[in-house]
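Here it is, the structure in full.
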Amino acid sequence: MSLPQVLDRHLRDLFGSGRVNSVLGAIPTRGPLGMAQLARTPEEVERFTLSPLACPNLLVHLTSKEARLDPTRFPLAVLARGCETRMLNQIFSEHGLRRDQVYVVGLAHCPGAIDPRRLSAQLPVLRGFPEATIEGEEVVIREESGELARLARTELVLERCRHCQNHEPLIDDYRFDLVEEADWIEPVSVDEDPGVEAIDAMIPIERWAYWRSQLERCIRCHACRDACPLCYCENCILERHTPCWVKRSVNLPENTAYQLLRVMHLVGRCTACGECERACPVDLPLGLMMRKMENLVREYYGHRSGLDPSGEHLLSIFDPRDTTATARLEQ
Amino acid sequence: MRMLQAKHDIPKLLELMDQDRELFVPVRDEGGGRFARWSDLDLSVNEDIENTLMLAGEATRRPAKDQLFAETATLFRFRLEQGDFHLEEPPPGPSPRVLFGVRPCDGRGFQVIDTLLVGPHGGDTAYQQAREANLLVGVGCKTPGPDCFCTSVGGDPHSSDGLDVLLTDLGDAFLLESITEPGRDWLSGLQKHGVGFLHDAGKRDAERARVAQHEARQRVPRQVDTSRLPKILERSFNSDVWATVAPACIGCGACTFLCPTCRCFDIQDLVQGSRGARVRVWDSCMFREYTQEASGHNPRIRRAQRWRNRFYDKFHWSGDGRGNPACVGCGRCITHCPSGIDLVEMIERVTSAEGGA
Amino acid sequence: MSANPYLLQRARIDWIVQECGGPRPIRTYTLDPEDSTEHFAFEPGQCVQLSVLGEGESFVAIASGPEQDEPLQVTVMRVGLVTTALHELNIGDFVGLRGPYGNGFPVDRWRGKDLLLIGGGVGQAPLRSLLHHIEANRSEFGRVQVFYGARSPEAMIYREEFAAYEAHRDFDLYLSIDWKWGPDGPLDEDACEGWARVNLSNLRSTRIEQDQVRFTGFVPQIVQAVAPSPQSTIAVTCGPPAMIRRVVEGLEGLGFGPDQIYTTLERRMKCGIGLCGRCNLGPVFVCTEGPVFSYAQLQDLPEAFA
């Protein structure tokens, strides 16, 4: 059993009481990543792990087309860290799912999740899904040989965890503490995000040169869109033929249009979970793009998505007295 | 033909290579590495070259495939007039090039694509022209990557299949061996010009290479038995195992776009003013839209169906025409799957679920 | 190295017939291929890749007969990007053309036999090609029964041609519309004028007694009610997947063997020449090894009925 007994028992009880039809958690893989698993029976919960290596955002399995083809998985319990509860809020607030369809098992005191690429860059010979624990500012990895590697936590966590402001679940039906005492990474300040600041400091021609060098690399595999739990439109604009907004051809203009459309469709919705960046097989700085957009939304509208499950969705708010956006345009 | 090349002379060799044919090399970049034009790189110092060129360790994340099977390739160009059009004369084919540092799995990948991009009405001309124009100089994998399993699918870290020349890392030098006739010609051309740093290799060098190759084979980290798959897959299409095989899949195309043997494509017209081009662009059988008909009907609407199709296409329906599967065991789809899905584990799961029946 | 297989020839649109209107109108285009100084040779059941340059290509069945004196025709429903663009074109405009592709019906093996042609909607196009071929070589085939159904009288294609067949009784003709019946008869009597409301269990006698050709009901039901004999007979069916499935079930019930039933399959196509990957039924590409398959073949091919 890889889950702590109390959590394991609680999840099993959820099935027993008929409260849920499935439980969504993560299981170990043979690489250092972890994988989503939809448990349909209490026995399947057994393989779940809370390892910081199990980093994928699981919520995509609540909103994807595949989930909609399979409504029997609801009501569903999901193991959700702070970042994921914020996104759940957003999904509820835009009526993507009903609150009663989801039983939220909040994973509290989240110390961050480990980026498999950063890990393998530091320990290239590492194999499998090693035992990993976070002890203060150190991540302790037990290698196959039994040797312990101690690595700096801030160097190893996902980029999104360096910016995280939601270490605690915003909503939950049950709460479990991942570590005894909360010990968060001091988040990069939203106002002084060095990545965003570096972009802002560029003159337009430099900025374009930067994005150009990045976007040229995009292979248009849709991983960013498909990994995003908020990209759940039935007919995605990025693959529509009539009219065709983005051509399939992989080149700078179409890649740019693709990423811009993707970002624009997440305005006021994105909760900066960074899953697009994590999923990207060619390491595009998509998280940076999203953070910049989120900053603009905050600056223009004073809005932060996903903080309140019954909150209003930015783009559906209309207030004739609203001067934020227009005031900005008149400047 | 066998030649020996001291590693510190590699820059000279690359300069020499770039003279007769345009040279492309595996380059480390922010996206995990890909092939790039040598003349576009600004490299002079030795250290730079070692740090930038990916001749050892992990392979480029993007396989060499895109150099011959471009993400976007022009099939023909046309001019539009009111209610009418005219085709334009095709441009001359690609000039001779050399792809230096191709990994053996990528070389074997081309052999698979060779069989797939030919049909009863002829082959894909753009690919075939690129194939003919490119000399493939491979470099064996001294240290295979974390998810490599090439030896389980008929390959080897030093397989010369599909390559014209193969390099073996001997520590301080590379052994260059010609595999094909064009490879031999190219190598002897280099020798003529490369007086002083390209030496004839002796028997001892060849022996050292065999030892290095044997050792590399032992270092391939993953093994899986694929020998029973053809028989098993013959009777498993309607098995329950497919419903359980990859529920974590998010349906993106990362696995197929990083695959050295995937060649599915879409065709689109690009128009600017009155000038247009019909292009083929990469597509992926993992996309729902791939089989979506205009009527709305979709024969592979579910992800499990698409996974099954991909698996069957790799291990049953397609191959390299030499008895090997259409998977070369490079492990890229495993290492870079955003959902952590592991093809080797899937092979095992299918084998154990269906093997006994 | 082979010649560029994606290259196409210009073909002038010589004539356009609007077969039916509605949200998904259907038109038949008569084409004059520019390069073919001779006849554009093909087999009934084969397809062409039709281009509206700047928009793309569409894989469509040839609707005309293969005989020398017939001009090349295709019948296209407006559903997607390319077919919508095609519907915008006028007589005298040019489309791109390559092909013919696919296998066509094995008519040589059908000579001397009785034939059932069972079509629905725009799926009638390849059957029309076959029918024209049969007409031109009438003595080589036995009894020919033609079933064709559409949603409504207005949705029928090749109406004039069917009317001519009806008048001349060249074939045993069963035309049908999918009329929606209310508790007290058809929902709109006027629209149904001339279309017999029949006892489907006794359609045969109705027809013989009343010399009736036009019926209401779904195509598979009509076939079932007519109950043709499988004796030395080949059945060919083209239409929407749901119709094909039921027709095939019905024919099996009537004693037709899987090698006596043929159909054409529709899949999303791009290259049309077996390269791009998407139209596969397992290892078989519909664009090159189809679109015509016998039911016996389909039983061995994965996802054939998906």
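By letter and in written order, the chains are A, B and C; residue numbering begins at 1 in each of them.
Keep this in mind: a residue touches a chain if its C-beta (ideal position, glycine included) is under 8 Å from a C-beta of that chain, and two chains touch if they have at least 3 such contacts.
As the structure is a prediction and not an experimental result, all values here were calculated from the model.
Under the stated contact rule, the graph of chain-to-chain touches is complete, every pair of chains being in contact.
Between the chain pairs B-C and A-C, more C-beta pairs are in contact across B-C. Chain centroids computed from C-alpha atoms place B closest to the centre of all protein C-alpha atoms shown. A straight line joining the Cα centres of subunit A and subunit B is 31 Å long.
Here the spacing of subunit B and subunit C, counted between their Cα centres, is 42 Å. One finds 50 Å separating the Cα centroids of subunit A and subunit C. Counting partner chains per residue, subunit B shows two or more touched chains at residues 266, 268, 283.
Contacts with at least two other chains are made by residues 80-81 of subunit C. For subunit B in complex with subunit A, the residues that touch the partner chain are 29-32, 57-58, 61-62, 71-72, 146-147, 221, 247-248, 250-254, 256-258, 266, 268, 270, 279, 281-284, 287-289, 301-303, 334-336, 338-342, 344-345. Interface residues of subunit C, counted against subunit A in their complex, comprise 80-81, 84. If you check the complex, the residues on subunit A that touch subunit B are 29-31, 33-38, 56, 60-61, 64-66, 69, 120, 124, 126-127, 214, 217, 219-223, 225-227, 239, 247-251, 278-284. Listed in rising order, the residues of subunit B touching subunit C in the complex are 75-76, 78, 80, 83-87, 90, 116-125, 128-129, 132, 237, 263-269, 271, 276, 278, 280, 283, 285, 290-295, 297, 299-300, 305, 309, 312-313, 316-318. By the touch criterion stated above, subunit A contacts subunit C in their complex at residues 241-242, 244.
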